[in-house]
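Once you scroll down, you'll see the structures, which are given as structure tokens.
The two complexes that follow have subunit A in common; it is paired with subunit B in the first and with subunit C in the second.
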Partner chain A sequence: MNYFVIGYYALLIGASCLAAYYSARTVFLLLFSLTLVSFIVGIVGGESSLWTITICAGLLALFGGTAFAFREFLAIVLPTEASKAIKTAPLTATFGLFVIMTYAIAGIFAPIIAPYGEAEVIAGAFAPADEHMLLGADQLGRDLFSRLVFGARNTVGIALLATTFAFVLGALAGLIAATLGGWFDQLMSRVVDVIMSVPSLIFALLLLSILGTNAFVLIVIIAVIYSPRVFRLTRAVAGNVVVMDYIEAARLRGEGLWYLIRREILPNSTAPLIAEFGLEFCFVFLLVAGLSFLGLGIQPPTADWGSMVRENATLISFGEITPLFPAGAIALLTVAVNFVVDWMLFRSSGLKG
Partner chain B sequence: MADEKKDLLLKIRDLRIEGYSDEKWLEIVHGVDLTLHKGEVMGLIGESGAGKSTIGLAAMGFARDGCRISGGSIEFDGMELTTTSESDRRALRGSRIAYVAQSAAASFNPAHKIIDQHTEAPIHYRIRKRLEAQEDAMELYERLRLPNPQEIGFRYPHQVSGGQLQRAMTAMAMACRPDLIIFDEPTTALDVTTQIEVLAAIRDIVEQFNTAAIYITHDLAVVAQMADTIKVLLKGNEVEEADTETMLKSPKEDYTKSLWAVRSFKRPQKSRPGGDAVPVVSVENVDAAYGDTKVLSNVSFDVYAGMTVAVVGESGSGKSTTARCITGLLPPTSGKILMNGVDMPPSYKDRTKEELRKAQMIYQMADTALNPKVRICDIIGRPAQFYMGLRGAALKSRVDELLDLIELEPSKYYNRYPPELSGGQKQRIGIARALAADPTFIICDEVTSALDQLVAEGILKLLDRLQKELNLAYMFITHDLATVRSIADEVVVMKQGEVVEAGPKNEMFTPPHHPYTDLLLSSVPEMDPNWLTTVLEERGVDNIGEAATV
Partner chain C sequence: MGDVLGIVLKRLGLGLITLLVISILIFFAVELLPGDIAEAVLGQGATAENLKAMREQMGLNEPAIVRYLEWLWGAVRGDFGVSLISQRSVADTIGPRFAATLFLACYAAVIAVPVAITLGIIVALLRDSVFDRVANVLTLTSISSPEFFLGYVLVLYLAVKNPLFPALANVNFQDVGTFELYYKTFLPALTMVLVVVAHMMRMTRASIINLLASPYIEMARLKGTPAWKVIVKHALPNAWAPIINVVALNLAYLITGVVLVEVVFVYPGIGQLLVDSVTKRDFPVVQACCLIFAATFILLNLAADVGAILTNPRLRHPK
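Coming up: the complex of A and B.
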């Protein structure tokens, strides 16, 4: 027994008692079951496992606190409409927003934030972290932290462009197909079926081998592969809007196709499309990272997270966690985007209260 | 006194219900009292938002999602429903208190046979075994005069008609022989000819089993047939309560009187302009089909400037299809549509802007007829911009003028979105959009049927005023003959895609009629509480179903 263990249990039991006293049912249950779990884990794993629990709880509290503070901050800063929406947002959503914002800042201001250039060799291969290099060096002696920051710009940038392009392509075709119907709808739907019937990774590998790998080709190929899903969603959503009386009224007025799509149909289908954009972005992002890992994505020496995982993968067998940083960056962004998308889906589905 | 106490079934005192909106609880029912004895039928009437359905559900100890019972007491047969546990309350529902919803089609589960849904409650409460329950169901179907009572229960909900489904639902409510049934607008979604069958069936079965009932409706003439006492509600408050006779003959409160007076709006009938006046729209021998199914055959009628032609008939009679042919949404297979004597291209896609401008349409459901994401000024302004090329200040002054015309204050509504408006206001915006094109002919497709009576009257008066000021021609599609009486100049009766009878209104409303017109007219509920009995006697009770299919 030392002071840490005594303090640990005293804090937990004291907090449980307080929760019980103020009849906060769920808080009490949570705290007290944590106490019971700690007993068992403490006996089995000793003091170090209690430290692990403490650190996890501390991290969780940190994330929660960040999310809460960020929500309050946004509620004050944003205009009234948006601040009303943000006030009712769950903490997961604001945490996601916070992470996305951090990534955006890192990506946009990469040259200012990163201490070294992305291709600059400054130390020996696999040099350990010191006061110059926050996370150590990679297999060629380049600063890993700088490469991570530049990777945010390259990987996220390409994924964002590809997703946007896929959306413009898919949504436009979907809206026109839903509005016109008839042969155009049939033609587009069959084309989409053909694209969807080929496994996306194999399709991408094939096209990249034929057309060569540069950023532009990469973006176009990913956009083409992902646009069918957008097309199907848009067509279904717009299909529900097209049958409304106000569309009939606009048609009878003699309005053209472009007006119908832009002013009447699109405003009524944006909510699911935005949510789908978030989801689709995750898939595209993972595909970009995956292609890089396979060596067909962004080419060296440009930094990107997928190839960084591959290049440093050997380190993992020496017990180093270096390759996990880029992988963690991918995972964190994916989770953050999904948090935000969940919230948007919840709002657009009207499952409120 | 002792006797009265024994008969007491439901006693609601100072009932208060709150609804959750904009992050706070607002009271929507402000202390309503209600007393119901065994075998008694009470009618609850009022406009939408009066709290009728909310009170009806509260009688079962139930509050909808986002609502809560915040005060008062609900005593059902000596049991206090506000304090009993949820499981005890659930045990009451279906067995001792039953509920019949407005739309049977939406309330039945389409994946199960009617009889399986019927027998669910009695089997669950162990009142009857499956086979007994099925036999009982067939007996109830027979009493409710459903065709083929032995067999109809084994169909799925989509395989029977709306009126039959509503009766099957009433039978289902009777399955456990409850003490109280709550009817929530059971006939509102039905045609008059079907409504009369359902009304007769409900009244008979309630009388036979001495069941108490709360009958919720906004149609006074219907409640007059069904209820022993009537309670009038307004915005969650009771206005007055009295037995049916007294209530109909001498209502005390001004609000009740105004409800009663709605049906008295009438305007003088105009006759066709003489000489060689050309009709604004004339439909000549039009046939139309959806795919291979023929829906219109040989429809012809004329509409002259400044006149209203009402097209009546039950659902499926081809009223709205005729409108679709005139607007060009459904090109006729043969026949012609003439406007001011000029032949129109059959499809709207081939018509010129000018041709499209002259015929405008007002829709039944203002909710779906206005784009919820577009501001009022843009909704009304677009036709003016599109047809007349108005821009900037000229467009704004035109929109202001139109808003004035439909009696909405321009400064207040200019920048709003449709979901922020009430049903009546939305319908007015729909009218303004039609007027913005400066048309000569407007099709009004059931424009008042989704509105409360007082609001509907306001819309009818507005349409009438606009017709006088702008010399508009209306084609007024409706199944409500009370509306026809008040505003039509000429009437066209349609049945199964054919025109059965047509002529000036006063001729149409005086005998002799075509048998179908006669059936339609006699099915319109009247304020006389004995109307249903009289009509049924005239027709011979057993022939109702057959009469409807003549």
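Coming up: the complex of A and C.
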């Protein structure tokens, strides 16, 4: 027993007593279950695991604080309508927005932020971090931090392009299928069934083995593999809109297919589609990262998070944490997008409480 | 029961047709190659004689449809042709590796399924409490992380910093004992368990909450049935279908998620073989692996549907 352990438990138990006294049920439950968990973890893992829990809690508090501050900031800056919406947003959602904004800034201003170029060799292989290199060097002596920043541009950029392409493809086919019906609808639905019954990673591998790997092929393949999800959703949503009276009225007016889709159906089915865009992006992003990790996605020397993990993986066996940064960057962005999508789905579904 | 049997048979037939269409897709995707397999393998510098010899050897001079039928007939009997690189029979290469992958998937499933369903039900019963929110954030994080991230985190903390388990799982099945096998493959299995438990928990929670919101559960509560009885007698019979669905869908997910995990841990499974073959452009192996993956995926989805049909009380007891 030392001061840290005693202080740790004293703080937790004291805080939970305080919470119970002020009948803050949620806080009490959280703190007290953390105490119980710490007992078990502390006995099994010793003092170091308690340190880990403390650091995690500190990080969580930091995230929470950032999210809170960012929410207040947005509420002041944004116009009244949006500010009302943001005030009711959960902290997880504003945290997600904050992360997305950070990534966007990193991606757009990559050449300004990064101290070195993405393919610039500046040190020996696996050189440790010093005042010039925040995270040290990779297996060829390139600055890891610079590559991380450029990765925000390349990896996210490719994923965004692929998602957009998949979306245009799937949504267009879905809208046309819902409006026209008949043989086109049947044909597209069967095609989609077939594409969806092959696991996406396997399908991507098959097509990549045939078409070879370059960025354009990658984007097209991923768009084709992921458009069926969009197709199904769009078709379902638009199917509900198509039977409305105003569509019938527009048809009787003699409006064409394109007008119907653009002016009548699309504006009435945007909400679920935007949420789907976020979800779709997560899937695409994970697939791109996975393919790059396997060495079949974005090709070197372009900086990319998936391949960076693979190239530096040997460092892990020396207890270095640096290869985890690109992988963590992938995870963080996906989590952030998911948080925001969760909130948007919650809002659009009108579920309250 | 005749009704149910009809539905099941119809579903099975549909699955078979899908599989057939996919086999066509996999076979003719390779035909899309500029030129043909021989040109793609031998590259630019191939002489006309070499190309001719290779086409002769692979039977490329016959029309595609004949080759497809031969390939399909071979695949049904477990003969996938010969690897372009090693010249070994594809079936011999894939066989042990597929067994290894199935072992890993089963290992993970045996741990994940009970844990996930229990946790999912608990979280559903405690919905909107702190635990539910914490579980929501944790599972979302786990789902959003790429498998290789989770894998390397586990390696860093459970193999390097605290040397509890080996970091690599490049086991040789003949040489290791049962216990050692489980020990050596624990980290890859755990990685998959983490991902799958998160998925499964969320799906179980959603389906149970959906169920608990239905009017007949409300009715049972209102007439004063004890809480456990509501769950066991009223909710559970209807919950089997969604739960079986969740399990089968996640097993299907396990089969594909295994590719990345195998590469991280250098596990000698079919996923690693597929990735290697894609890099080397060894098309017969790629085709065979894809067909096996797709077949397993379809089979498990089929099992989900059939399970849902068989456990649906409304279908089992027709009016």
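In this text, the second predicted complex is superposed on the first by the 297 of 353 C-alpha atoms of A that agree within 3 Å, B and C clash if a C-alpha of one lies under 4 Å from a C-alpha of the other, contacts with A are read in each partner's own complex, and residues count from 1 in each chain.
Throughout what follows, a contact is a pair of C-beta atoms (placed from the backbone, for glycine too) under 8 Å apart; a residue touches a chain by one contact, two chains touch by 3 or more.
As the structure is a computational prediction, the values presented were derived from the model and not from experiment.
**Student:** Between subunit B (first) and subunit C (second), which does A:Ile330 come into contact with in this model arrangement: first, second, both, or neither?
**Tutor:** Touch status of A:Ile330: second partner only.
**Student:** I want to verify the contact counts: of subunit B and subunit C, which reaches more residues of subunit A?
**Tutor:** C
**Student:** Answer with first, second, both or neither: which of subunit B and subunit C does A:Ser146 touch in the superposed model?
**Tutor:** neither
**Student:** So in the superposed three-chain picture, is A:Thr302 touching just subunit B, just subunit C, both, or none of them (first/second/both/neither)?
**Tutor:** neither
**Student:** Of the two partner chains, subunit B (first) and subunit C (second), which one does A:Ala249 touch, if any: first, second, both, or neither?
**Tutor:** A:Ala249 sits against subunit B, while subunit C stays out of touch.
**Student:** Which holds for A:Ile210: it touches subunit B only (first), subunit C only (second), both, or neither?
**Tutor:** second
**Student:** Please indicate which partner A:Glu264 is in contact with in the superposed arrangement: first for subunit B, second for subunit C, both, or neither.
**Tutor:** First partner only.
**Student:** Which positions of subunit A sit in both the subunit B and the subunit C interface?
**Tutor:** none
**Student:** Any idea which subunit C residues touch subunit A in the complex?
**Tutor:** Against subunit A, subunit C makes touches at 18, 21-22, 25-26, 29-30, 32-33, 129-131, 134, 137, 140-141, 143-149, 152-153, 155-156, 160-161, 167, 252, 255-256, 259-260, 263-264, 274-275, 277-279, 281, 283, 286-287, 289-290, 293-294, 297-298, 301.
**Student:** Could you pull out which subunit A residues touch subunit B in their complex?
**Tutor:** 244-246, 248-249, 251-255, 263-264, 267-268, 353
**Student:** So in the complex, which bits of subunit A are touching subunit C?
**Tutor:** Residue list for subunit A touching subunit C: 26, 29-30, 33, 92, 193-194, 197-203, 205-211, 282, 286, 289-290, 293-296, 306, 309-310, 313, 316-319, 321, 323-324, 327-328, 330-331, 334-335, 337-339, 342.
**Student:** Show which residues of subunit B lie in contact with subunit A when the two form their complex.
**Tutor:** 20, 66, 327-329, 348, 351, 353, 356, 360-361, 363, 365, 368-374, 382-383, 386-387, 433, 437
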